[in-house]
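Next come two complexes built around chain A: one with chain B, the other with chain C.
Let's turn to the complex of A and B:
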């Protein structure tokens, strides 16, 4: 895997992620990517309803959220999380990236959208953009896996 | 079946397989079939309902799925039913998601049901619909895609 300079919170702490996808495979891949950016996977969820509960429990810095999932879809889960936690930073990650879907996700509280298959360098840039001034790029690359 | 319905799936499969498997892909044989489809190993069947209706079958042998999983996760994986199912579903979701993104932006509106996985048996398609069967050659093995689709409605502003 490509090597990336660590992206950390401006207070020097590791960025904590909640990864939401009904595919275990997709969750593992995203976990591997965020760890290669120097992040920590605080938790995972397999559907929108579980994502809301996990967000409340973990209060992560960033959520990577799939759209099409059982129980509750990602856009609805994002809206509910943002309603309760307006500061929540949610990036939608889905293979279904048509305009209506992206607009709906952004209107309902998501901060950005990344289309699957996820390119690590694209996700890296989107994470830096969404974290904005609350993150810094630390010197030195992470150990690639 | 119109090529404008099929092309987005070919493009999506080509791009998704090449990126996930980190290798060039080559479109091998490409035939129209009217009889029931028989799976080569493990098949993910995705049903489409809306302006376009039909189904897409994404099909690989278990050993191929295991090799794909190893490449996609960057670690050597042992074959298991769950791993094979997860791999085929994830690839099917990505290919179909990317294709419907293109079709939706072209004005077609439809819903896609989550993949249903069938293992080791013939997967019967709609007998009234001819299907296009294609094979992609990758470094991990062959990936078969079988598409049977027709227009239910034309795009808004177009006449049947």
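Let's turn to the complex of A and C:
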């Protein structure tokens, strides 16, 4: 796995993630990636409804959200979360074929999107971008996994 | 190479020279406009159009060199270059191009050696390199791509934001080619910008197209430019983005949208306007003049007929016919004169450029106020005063206006003002050149005049303030402390005055220390036909322009006094300097009644002593060849109805000549010297 400079919050805290996907494999994959960036997976959810509950409970810094899920689609979950928490940073994760869904999610408040299969370097840049001024790249502290 | 006959070609060239004057004028005007509104795309376009027209016209006329350099300039004025180049440089280029073209045209016209175009080519090259280097700062940046067109609505939105004082930015972005969901990319980009500021315009307008690769957005934002640029570089979505502060010139520049240059676009001449050679017009006017002479002849004959046959019924019929013909003739004369009349604007429009150049050379900030441009005057007079007026304006900027520092110390705005104004006053056109500068200092003028021996110190001390100011019209006097390249070489003001006087006009000065100076040029409406007063001096018939006559008075010789070297007459409560064209009697004949014609020259008045008044007449003035007459005392001649020739006096020269000659020593009143008394008696009053 590639090595990434650790991305942390501006206040020095580790960035906390909520990972939402109905596929356990996908969740694992994403978890490993964010951990390689120096982040911490605060929680996981397998559907939209659970994602909303987990967000309320965990108040993570970032959400990685799949679009196609049972119970409640990612778009609706994203919309509800943003309505409750306008500051929520949600990155949509989706296959190419779901462009309209991505657009819809973006229109409802998602901050960014990445395409499956997710590439770590792309996700890394996207995360840095979405965190914007609220994150810093820790100097020297490179963490591999 | 031409399919036109020689004649046709000559005519074509003539037309070309005339129309290019207008193009050059337009170039000058547009360049100045661009200087005022840097980056105005519309102005830049119209400059390019003018150059394009010039290129085409000169090629058609066979002036290859001009066409070539115009072509190079047109290329250099492409929107992508003009929008990137510094406005000041662009303005300089256009102005110097106008000058170069002017020089080339003059050379073509006079079959002279063409001026070198190298300086202009160097200018063009410089503009191109700065234009290129500006876009090189972002190599192959999206900004260099063909700019998009903003819709009316978008332009209004942008305009409003600017009016509200918002900072407006133009962002050009390329979508990451690896991003396969372009619509999502569009949406995300849009989202990001909405968080950055107020999105005013987006191209393309919605996410619908799958083919989006290039995005252009205009936003209003309080965020710094660098920050916006940073936010626009969206990973995985936007490959590159450039942010630049919005400039009006980016409004709608599009190569494709540029309207094709219309031939003659620079000359907005209506269809029913004819270009007529001034010479042909003069000919018509000349013939009308002959008709007027014919009328006087007829009138004379009619007078004689009436005297001989006072009872004849035919007399009334003659008189009626004469009156009718006379009325039509008057109308004809007026219409013909009207044809020669052009608005002063033709002259005034040259001045913005002149003022700009001179102000720049002097390092001063100068505003030019024009008024009365619609005032009409004879074309030949207009042409004749162009140079004097330019001289006055140069003087006003160079000497009249103080430096910005001096002005501020005096509590005046740092920017000086030069005014050009024109209006009709009776049979005259008045043109004023004024400045709000330091004003003329009579003491300084007097000091210089005495230093240079223009006036004696005693004589100088007695001059009124107005007379002192008039000294600046004497040859060899300049009050400039410094002689600059622009003015102050001691030639000029006397030339200005002589030109104005040659036109049977006058020039006067109004000056307030610390508040400015105004030169007032009073010019006749026309030169060809002048209402005149006929008078007789020593059996000779002369004419003077009636509009110079203020009043006619009678006086007796013993009312004339001598002051210094002048004869004066007290007329009511003013003292009038007298001008005697005949020899001055050593002894005044008491009780002898004389006519005094009070004439106005500028602000000053003189009394012309004449023997007899003959009457008023409309005279058609014919210029006199210098071979026929070598005196500047006479400005022309005319033929009266009875065939007599009358000379038109050049009043200012007459006054100058006769008032300055020294008077013969005044004999003692008790015992007049016999010799001088006899001489006076023979040459003087009879």
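Operating definition for what follows: the second predicted complex is superposed on the first by the 139 of 145 C-alpha atoms of A that agree within 3 Å, B and C clash if a C-alpha of one lies under 4 Å from a C-alpha of the other, contacts with A are read in each partner's own complex, and residues count from 1 in each chain.
In this section, a contact is a pair of C-beta atoms (placed from the backbone, for glycine too) under 8 Å apart; a residue touches a chain by one contact, two chains touch by 3 or more.
Just so it is clear, the structure is predicted and the values come from calculations on it, not from any experiment.
Superposition of the two complexes onto chain A shows chain B and chain C fitting side by side, with no clash. Legend: residue contacts after superposition of the two complexes on their common chain; A:116 is shown touching chain B, with no touch to chain C.
When the shared chain is aligned, chain B comes close enough to touch A:26, but chain C does not. Between chain B and chain C, more residues of chain A are touched by B. Residue contacts after overlaying the shared chain place A:99 against chain B and chain C alike.
After overlaying the two complexes on the shared chain, residue contacts for A:68 are found with chain B alone; chain C is out of touch.
In the composite built from the two structures, the nearest CA pair linking chain B and chain C is 6 Å apart.
Overlap of the chain B and chain C interfaces on chain A comprises residues 96, 99-100, 115. Residues of chain B that touch chain A in their complex: 16, 19-20, 69, 72-74, 86-87, 89-90, 93-98, 100-101, 104-105, 112, 114. Of all the residues in chain A, the ones that touch chain C in their complex are 96, 99-100, 102-103, 106-107, 111-115, 122, 125-126, 128-129, 132. Contact residues of chain A toward chain B in the complex are 1, 23-26, 28-29, 32, 68, 70, 94-101, 115-117, 119, 145. Chain C meets chain A in the complex at residues 179-181, 183-184, 187-188, 191, 207, 231, 234-237.
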